[in-house]
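First chain A sits with chain B, and in the next complex the same chain sits with chain C.
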Partner chain A sequence: MKIERTGMAGSLESSDVLVTIDPNVGRGVEVVLKSIAESRFGKQIRLLIEETLSELEVVEARVQVEDRSALDCTIKARLVTAIHRAAKMSHPDWEHLS
Partner chain B sequence: MKTLRRTMLYVPGNRAAMVKDAHIYRPDTLMFDLEDGVPYPEKDSARMLVYYALRTIEYGDVETAVRINGLDTPYGRDDIEAIVRAKPDLIRIPKTDSADSVREVEQIIEEVERKIGLAVGTIKLFAAIETPLGVMNAPEIARASARLVGIALGAEDLVTNLGTTRSEDGIELLYARSRILFAARAAGIHAIDTVYSDVCNDEGFIAETRLIKQLGFDGKSVVQPHQIDMAHKIFTPTVEEVRNAERTLTALHAAEERGSGVIALDGKMIDKPMVTRARRILELALASGVEANKELL
Partner chain C sequence: MSYPPDRESLERFLGERGLSLDPDIDYAVACYDGAEIVGAGALSGYVLKDIAVAVEAEGAGVASAIVSHLLAEEGRRGLSHLFVFTRPAAEATFVSLGFTVVARVPQRVVLLENREEGIEQYIAALGSERTTVPGISGSIVVNCNPFTLGHRYLIETAARECEVVHVFVVDEERSLFPADVRFRLVQEGVAGLGNVEVHHGDKYIISAATFPSYFLKEPSEVVATHALLDLTIFGGRIAPALGITRRFVGEEPYCEVTGTYNQIMQQLLPDFGIEVTVIPRLERENAAISASTVRNAIRDDNLDLVRSLVPPSTYEFLISEEAMPIVRRIKTVNSRH
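Right after this comes the complex of A and B.
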């Protein structure tokens, strides 16, 4: 999926996460993570972000994630929404979402 | 065991903390809202959040429902495509005006169930009736689909359409409540009352919940977790009611053992409706976790 513009999803409320995705032409995938649980779960969150980007075939993007102790399913939901918004895709391909 | 729907708690689908935690308040049904409780720019993110939450979070024995957007909006079809894949117990249809509007939703649900290899009929339906036309068509709506397990009154839109407002005693809703209740009972499904939106007025909530229980409703939609316990107390049979029901059913069994068609208790005849009511009280007690003799059922 091609990132065509800035896409944001989520919030900075407790148990949520704010995801911002920008185009990153020619520079691959770059992830910037801020989490109050980074020392304990940073590795796991990064892995989840990378897996989700790969699943949606996003190969060039700058991803900023500000985590407020969100569950993995919340991080995934916000990331997928931000990707769809950034890719100007208004109807997700439900058959290929995990 | 009897399915309890004493409370259906609205959970805005875009609020991550509530989607994660709302089941700890123990409503009988959690109703994730994708419709009026979600602002338009967040429809896609709410749908995605509820989709992943339902596929991941273990809500235990709390029933899960999702209120989708209507098919007359740009969101309704995507809601069904997503939510059927997330497999909640129920999908709640908003602003149901006719039996056809239930069947249209059912048809798309069935398409998705077939696509993903889910047994057709797995996802049950609830229809909210919120317009004068919906109230007039309530009997047909209640019988529109074998998936339909209940109908619910949505009063805010209804009173606006009627040209009135909600009052403390709810007189303006008497006809709609009665018609919806009769339609549900005739179809053998649940009837759920509307929300009480003055959330700081517990006395008003209790009075309205007592009223709708007396009318015959199975439960109430609620918007605040603190309303759950108040509603459950009203809908749960008292110890005295349970003991009386047990005595009635004990007398029934004794008469059956004697081969007698005449049932008497304390010198009074017990008729069939009294037995039916006693069974309902026992079922409700057992489902609510109140001690009762289930051997009598």
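Right after this comes the complex of A and C.
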């Protein structure tokens, strides 16, 4: 999916995550993760982000994730929504979503 | 949050906490506990400000609810690089919400942004355009609405005294001439000068985030706070990155806000090792040449006067087809900028 503009999903409330996706022309994928659980879950969260981006075939994007102790399913849901908004897709991309 | 908008209560809530809704606010939100406001926040473009939470409601997630709501609104607008302008006491709250401090004015204000590497990236981009110079690096910050012979004179004067002059053009879209046009006219206007580099001010120099007063009429106390913030960023972060030790500015006979800013600049920048030089304005028939004079001449269709106040590059633009919508706007809008 091609990132055309800013896409945001989620919130800063406890147990949620705020995902912001921006175009990143010529710079590939850059992930900025802010999480209080960085030392414990940082690696796992980054892996989840990478997998999701790969599933939706996103090759160029700036992904900022502010984690407020969210579960994996929440992170993934917010990420998928933000990507769709950034790609200006109003219908879910069922083909790429498992 | 399904109460009808009640601006008065919101203003009262903020007033009790020493805040007020700035004139340039384009969105405001209030958080209610029953019928009482316990928190509020507002937006001005990409800047979050006037955020306050009642003491009794602290720790209940009100701040994160308000900030989340404001961020969602910014997201709907397609804005993702955001700033927060708030009291020093609130710094810790915003840092915990993921914001990074850009600059502080002790006891007055703190500016934060939601990208850790925001200002660093801006500074790195400035540096990548330059080569290290042995002599003096000077600087000028301009709006150029539009670029005039007065601006040219100021830049030429600085260029004579420095090895290189860095000219920063204000990027905010609050002037009659769009930012990209203003920038281009500056580049064209200094084309003959070999030691001048033109940069974008981006969001870090005279912007809605660093010096909102430039675009509003504010009481001088507020102007002073904003000026201190903008100059702290310039002196503390931007100037050192480029080795700047001098800043040049034209004398300001007309605008009170700019006058206050210049005064504070002369007091503050020396603390950062930057010498400030005030250059008297270039005059034509005993009147200082200024962009507002040019805009008035345009408004009056006085092309002869316009031609005498601007370089050929600016004049060529003003009579071109591309300038027509701008000229029309100048004639119909009664704007200070």
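As a convention for this text, the second predicted complex is superposed on the first by the 97 of 98 C-alpha atoms of A that agree within 3 Å, B and C clash if a C-alpha of one lies under 4 Å from a C-alpha of the other, contacts with A are read in each partner's own complex, and residues count from 1 in each chain.
Basically, a residue touches a chain if its C-beta (ideal position, glycine included) is under 8 Å from a C-beta of that chain, and two chains touch if they have at least 3 such contacts.
Computed from a predicted structure; not experimentally measured.
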| item | value |
| --- | --- |
| Combined model on chain A: chain C and chain B, fit or clash | fit |
| Dominant toucher of chain A (residue count), chain B or chain C | B |
| Angle, in degrees and to the nearest 10, that opens at chain A between the C-alpha centres of chain B and chain C | 120 |
| Touching partner for A:Gln64 - first (chain B), second (chain C), both, neither | second |
| Which of chain B and chain C A:Thr6 touches, first, second, both or neither | second |
| Contacts of A:Lys34 with chain B and chain C, given as first, second, both or neither | second |
| First (chain B), second (chain C), both or neither touched by A:Leu47 | neither |
| Partner chain in contact with A:Asp72 - chain B first, chain C second, else both or neither | first |
| Touching partner for A:Trp94 - first (chain B), second (chain C), both, neither | first |
| Chain B versus chain C as contact partner of A:Thr20, first or second or both or neither | second |
| Shortest CA-CA distance in Å separating chain B from chain C in the superposed model | 8 |
| On chain A, the residue positions that both chain B and chain C contact, one per complex | 9, 11, 13-14, 85 |
| Chain B residues touching chain A - in the complex, by the definition given at the top | 15-17, 19-21, 44-45, 48-49, 51-53, 55-57, 78, 81-82, 85, 115 |
| Contact set on chain A toward chain C in their complex | 5-9, 11-14, 18, 20, 22, 32, 34, 64, 66, 68, 85 |
| Touch list for chain A against partner chain B, complex | 9-11, 13-17, 70-74, 76-78, 80-81, 84-85, 90-92, 94-95, 97 |
| Chain A-facing residues of chain C, complex | 61, 64-65, 67-68, 71-72, 74-76, 78-80, 97-98, 114-117 |
